[in-house]
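Okay, got some structures for you below.
In what follows, chain A forms one complex with chain B and a second complex with chain C.
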Partner chain A sequence: MAKDTNSTHNEFEKAEHKQEMQHQVISFVMMIIFTIAAFALVVSDVSKYFTIPIILLLAVVQVVFQLYYFMHMKNKDHEMPALMIYGGIAVAFMTILTFTTIIWW
Partner chain B sequence: MSTAVAQKKGFGAFMWDYLTTVDHKKIAHLYLVAGGLFFLLGGLEAMIIRIQLIKPDNEFISAGLYNEMITMHGTTMIFLAAMPLLFALMNAVVPLQIGARDVAFPFLNSLGFWLFFFGGLILNFSWFMGGAPDAGWTAYAPLSTTSPTHGVDFYVMGLQISGAGTLIGGINFLVTIVNMRAPGMSYMRMPLFTWTVFVTSTLILFAFPALTVGLFLMMFDRMFGSVFFDVASGGNVIIWEHLFWIFGHPEVYILILPVFGVFSEVFSTFSKKRLFGYSAMVFATVLIGFLGFMVWAHHMFTTGMGPVANSIFAVTTMAIAVPTGIKIFNWLFTMWGGTIRMTTAMLWSVAFIPTFTIGGMTGVMLAAAAADYQYHDTYFVVAHFHYVIVGGVVFGIFAALHYWWPKMFGKVLNEKLGKWAFWPFFIGFHLTFFIQHFLGLMGMPRRYWKFLDGQGLDTGNLISTIGAFFMALGVIIFLWNVIYTAMKEPKASADPFDGRTLEWSIPSPPPFYNFKQTPLVRGLDALWIEKSEGKKAMTPAEPLGDIHMPYGSIIPFVMSFGLFIAGFGFIYQVDNPVWLSLVFIGMGITLGSMFVRSVKDDLGYHIHKEDLEKGDGQV
Partner chain C sequence: MSNEDILNPKQMPHEPEKATLEGKNKFLGFWFFLGGETVLFASLFGTYLALNDSTAGGPGTEELFGLELVFVMTMLLLTSSLTSVYAMYHMKNNNFSKMMVWLGVTVALGFTFLGFEIYEFYHYIHEYEFTFRSSALGSAFYTLVGFHGGHVLFGLLWILTLMGRNAKRGLNLYNAPKFYIASLYWHFIDVVWVFIFTVVYLMGKVG
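Let's look at the complex of A and B:
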């Protein structure tokens, strides 16, 4: 980051941006594919016991793509948001588990 | 210099200053004054309840009014007194403790206050508009959904609006603590008060949405004809209880954790020792916060959840006694061998330990599901939660006010009057509530308007009422102390208590930019480290430079005022659709001010280096 290495630094940044762009495009395409796949499953004549879990799985993967690639959670300094998100998911999961197993059976 | 300017300004300018302020120190004053007023109001309601119960078969107030009193006492004390008083402390102290110039979002900070304030106003307007809510502070369905007056509607709208303010405040402090700590202040170097505020803010973030959802369902049931809680149409009244307590139990930790932080600071400062077991304290705080979400159903043991659910929730509830016990012992060990100064702040903190331990012990008793069938809805429960909430939260707020008063207002509260306020309150508290354990065990149910002669309840209730008057006396002496201190006491130094943390490294009260230069933190108890190396002040982490400050804004006030108007529209449109116009006007004001805020750039201003240098003669 010193001033005399500015040019090499810029080149490094450029390369990094390019890679970043690539990742974003790839995940964008993947998300479109997933969405089409989900729709296709619903339209086609597959059993719903197969369709529902697959759609849920696709949804989870899409959320992960969204968070990590578009909202930059894969980058540095995002440990705290990650901790919050996973903490919240854990609490919500425990609550739902409680309702489905011991309270309202 | 700035005080001279303030004195020259008229009352109007003074009011305008507070209406538009985004300075965390002034917002702390607002929270303190508003929360204090609601505390007095809730206290007045408590006195009326105790006077009604002074003797058997009393007719002091009618049964309906009594229901309104108990509902408003609980709701006011939890949502409109305890919460804002804690937000006052958080605002006054946290940015100073982490070496920041303000919170992360000063505008939102102001918005959070005004939302809380207008929500509280709506709730209390109900007294003059056909009757206050009367279904208990827990507003269980179907009692609340079938209550004939508009009371519960005021409860729903008031809490919804003030709850939004609390959520905004919680998020603000999360972001502030994560992002704005001074250089060198790692997580494990944060003062314990900052840690507890951090965990509390997390709890607010996760718990308040459950209340929001519950209140929305209640709102639609009462105002728009939905049937979420109507059993006849396939609804389920127990859903409300679950939602309320998924919020409600974390709420009691939201209240108690910040004062755990206060006690940690007070014990450490006035024992002249580092806090014993700092990392264990942090761990216990986080663990309490986490476990707080796994126990909500202990409020519902008698709803018929079945033995499996009851047992599991009993065990998780008892588990919380472990981290709490860790804390109690750490505080005792902090005092052990220390150079103890029995100041008023210390007195409140020392009194807290046995009081809160009794409350914790009855908590474990209540957690035993089988025994709870006996205690449920009796005065035993009332005694228990007043021991933890008054003995914990209120004692803690008093300790904190005595400790940080010089930092907030520039003067140390009078010590003699402080102790004169403490003793009647402390004795009165135990008189009022200790006997209620036994009233409960004798079978006196909570929330009943009357008890009858010849059932052995007379003496206990009389003692309880006498105790309440002692508590009122203590509060009055405290108020007198506030006035006396403002008139007679000299100005405080920057560090009147020989403090250990960053807030004591700057003048009392601090300049509006807090730190002229951001301090460099070299360990836990940052100021103490510098002191023990013979230095007078913190080492700065940056050269003296321009400071960027935000402008004040009236928009948060207007935005909240719009919701206030819309609230009345929602409540009364049930009677006549004409009232919907208020909804549109109010929401128009709120959305309009949001729009103005979005399009108008507010870039703030800079205090220049040269002005800082001549601002006071220190540099």
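Let's look at the complex of A and C:
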């Protein structure tokens, strides 16, 4: 009896892992599409005031997929990782702002 | 129950990487480290953005960069990120041999990426005489991209060491967190590369 519950539990877990893997493959396909879109936009010689914001946006979306699906930040018990990485991003943003505008402008 | 039995259960728990206190600590500590890495790379990106017009009469970014090579390198690193996801999928299902196979594929892709990067630097130095010392752009470029390349090399050696050390041990609750953390590091390398190919290469080509 105990063995039985164990194996159904195991089946459930396996199905859950499979489900997660499917989401990760979908996010991989999305990341490939975003990458190709960014390269295509640069090659197609559109105005740089259009191209630069769009490719930066594509990069940010791609990184969100990477963090939330590949690095599992969408799963539960990831409050501390979110705090760490968003803390890092906040300081990173200020660092880049400082280097590019306040010092060199 | 001895310590050995606790670390080698008949059946792996739901999240083997966080089943022990040591694993939980590794997980939290590593994310703290990644937050710090984000800031480190931001300072290098900031420097590059501030100096990317300072060519000192040498070749500029538009002349130097070739998008074909960068595209291939991007695909390699992105695919290696997916293969390490496959490795972690098999880890969670307690399938040690398949996990090792996918980690092997990840390492192979990583070394191919590194080979292309070395070729790229070699090409810039010999065809354009664009070196670390030739301009402020050169210093900023090689520091940023080279630092990322150094991370790739470190990640590869890390994964290889883990694979070698645990080849005969199999998977248990002692080394599962180690594999998991190494795969997080590998994904983070890909995250940094996404910004490198966008900010350095694509924006460098747009002008």
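Descriptive notes on the structure:
The rule is short, and it goes like this: the second predicted complex is superposed on the first by the 88 of 105 C-alpha atoms of A that agree within 3 Å, B and C clash if a C-alpha of one lies under 4 Å from a C-alpha of the other, contacts with A are read in each partner's own complex, and residues count from 1 in each chain.
As a working rule, a residue touches a chain if its C-beta (ideal position, glycine included) is under 8 Å from a C-beta of that chain, and two chains touch if they have at least 3 such contacts.
Note that the coordinates shown come from a computational prediction; the quantities given were computed from them, not determined experimentally.
Once the two structures are overlaid, the count of chain A residues touched is higher for C than for its counterpart among chain B and chain C. Using the contact criterion defined above for the overlaid structures, shared-chain residue A:I102 touches chain B, although it does not reach chain C.
In the overlay built on the shared chain, the residue A:I55 is in contact with chain C alone; chain B does not reach it. Once the two complexes are overlaid on the shared chain, A:Q19 sits clear of chain B and of chain C alike. The residues of chain A shared by its contacts with chain B and with chain C are 80, 84, 87-88, 91, 95, 98-99, 103. Residues of chain A touching chain C in their complex: 6, 10, 13-14, 17, 20-21, 24-25, 28, 31-32, 35, 38-39, 42-43, 48, 51-52, 55-56, 58-59, 62-63, 66-67, 70-71, 77, 80-81, 84-85, 87-89, 91-93, 95-96, 98-100, 103-104. Against chain A, in their complex, chain B makes its touches with residues 174, 178, 202, 205-206, 242, 246, 290, 293-294, 297, 305-306, 308-309, 312. Of all residues in chain A, only 80, 84, 87-88, 91, 94-95, 98-99, 102-103 touch chain B in the complex they form. Within the complex formed with chain A, the chain C residues making contact are 11, 14, 18, 27-28, 31-32, 34-39, 41-43, 45-47, 49-50, 67, 71, 74-75, 78, 81-82, 85-86, 89, 92-93, 184, 187-188, 190-191, 194-195, 197-199, 202-203, 205-207.
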